[in-house]
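Below is one structure. I have some questions about it.
Labels A, B, C and D are assigned to the chains in the order they are written; within every chain, residues are numbered from 1.
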Amino acid sequence: MEKYCRQVFYYETDKMAIVHNANYLRIFEEARLYFMDRIGVSYPLVEEAGILIPQVDAYVRYHQTLKYGDEFYVEVRLVEFNGARMKYQYEIHRASDDELTASGFTSHCFVDEEKRLPKNLKRILPEAFEKMKAAIEN
Amino acid sequence: MEKYCRQVFYYETDKMAIVHNANYLRIFEEARLYFMDRIGVSYPLVEEAGILIPQVDAYVRYHQTLKYGDEFYVEVRLVEFNGARMKYQYEIHRASDDELTASGFTSHCFVDEEKRLPKNLKRILPEAFEKMKAAIEN
Amino acid sequence: MEKYCRQVFYYETDKMAIVHNANYLRIFEEARLYFMDRIGVSYPLVEEAGILIPQVDAYVRYHQTLKYGDEFYVEVRLVEFNGARMKYQYEIHRASDDELTASGFTSHCFVDEEKRLPKNLKRILPEAFEKMKAAIEN
Amino acid sequence: MEKYCRQVFYYETDKMAIVHNANYLRIFEEARLYFMDRIGVSYPLVEEAGILIPQVDAYVRYHQTLKYGDEFYVEVRLVEFNGARMKYQYEIHRASDDELTASGFTSHCFVDEEKRLPKNLKRILPEAFEKMKAAIEN
């Protein structure tokens, strides 16, 4: 598990004065790429090796709202990974009171950048594969 | 069911040259508000009556990619509604070949704008309630 | 001059309940690419020919606000073009009362997609060059 | 002058694989609100006092591109302020080589949240007024 923190930006709010629902998928992405970076798997390097990691599906549950200026932290866990696919779980908490504001998951597959055919990280980036493998949390 | 159409904007793409995953929740929102407008329930009027309709949860499955300039249509269905909550299902199709590019659902509740307490559309906007009721598709 | 129209999306608003200031550059882009399409210069085809058209500078003046649901139209004019650079002017009007809500300009250059070196449309896409030339308005 | 830093998010890129032009206005906003916070003028508190600070105009010049993962810093300066209006200048630099990637300015006015009539910070938040006044850099 890694913990990613920042404050809500003004432009992330909508006319309800809360973070717009679509921005939670952006925050999940920030947290996920931070997670990969923290375990030593740089996503820019993965892409340079010719691998893209598009999203397969995503789920968000909105528990509480976040407002402009709120500090929050995301607890992000890699819960599945086999070199060809992976799945993350997320919990977004307001920092001031630790309140759970949103939770969810995203699934991803590994593909080549040309034809978007399946790729396995094990063959292309074996070191990254091992780091990911070691970071799985059940 | 209502059908909402438009083209992909350039700024909706990311460095994979496809519509970024978070933008699908924005497209769902466009389609949903279009649906309400089409059945005669104007969302601006709902908000003027003091009701907000935040998102409770959301799911997206990404089947195919959409690229800049692609025309697409969203088939949007109201599948649950009881005045206090509602649920929509979405299918996004590429217009050129009718390929399903994404599908999913969103759930919503009705709350007052001050304290975010539950509200029932039946009491506050009975006419809108009836129109929504009649538009449910199972 | 071409006229590009649509409604404000919910997610374009911020907590001031108006279209967020950064979204005007997105609307300019929509209008600009619509303009090119209307005069017969498809931007996807330009990119397929290996040309990118990054923005060099941009100016926006915010006269009035736009709210969720407002219909607006953009009057977009190509005011300069020489094959290597171009400049557009924009006026965004609220449709209900023709009020000018924003105005501005953007400048662009033509570069190759690899090294981002200057390119001239005249040599690579002479037909597109002529169409652009003919569309200049002073 | 204050210095605001962060990394480029994946979703900020477009199909040219660079930060999309509209996102620079968002980055300007992040830097500006960080500036106000740093000099002791909390924007959430300003809004609670019933004052909004919409944008009057904005200019961006794009010198170099920023890519996903790039660290950057924004040098933000308050160059004009009289209680009713203010103007900021921005320089965005890539952190790795200090290269100037974008520069620009934004102007703002102070209005009340109801009728959007002009307001003067001096009368409503005199302490914030003095802090702003002291932070002007010519």
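Simple rule for what comes next: a residue touches a chain if its C-beta (ideal position, glycine included) is under 8 Å from a C-beta of that chain, and two chains touch if they have at least 3 such contacts.
Keep in mind that what you see is a predicted model, and the values were worked out from it rather than measured.
Using the average of C-alpha coordinates as each chain's centre, A ends up farthest from chain C. Seen as a C-alpha superposition, chain A sits on chain D after a turn of 180°, to the nearest 5.
The mean-CA centres of chain A and chain D are about 28 angstrom from one another, to the nearest whole unit. Averaging Cα coordinates per chain places chain A and chain B 24 Å apart. The centroid of the Cα atoms in chain A and the matching centroid in chain C are 33 Å apart.
Looking at chain D, residues 10-11, 22, 26, 29, 68 sit in touch with two or more other chains. By the touch rule above, chain A contacts chain C in their complex via residues 10-11, 13-15, 17, 20, 22, 67-68.
Listing the residues of chain C that touch chain D in their complex gives 16, 18, 21-23, 25-26, 29, 52, 54-62, 65, 106, 113, 116.
For chain C in complex with chain B, the touching residues are 9-11, 26, 29-30, 33, 42-44, 68-69.
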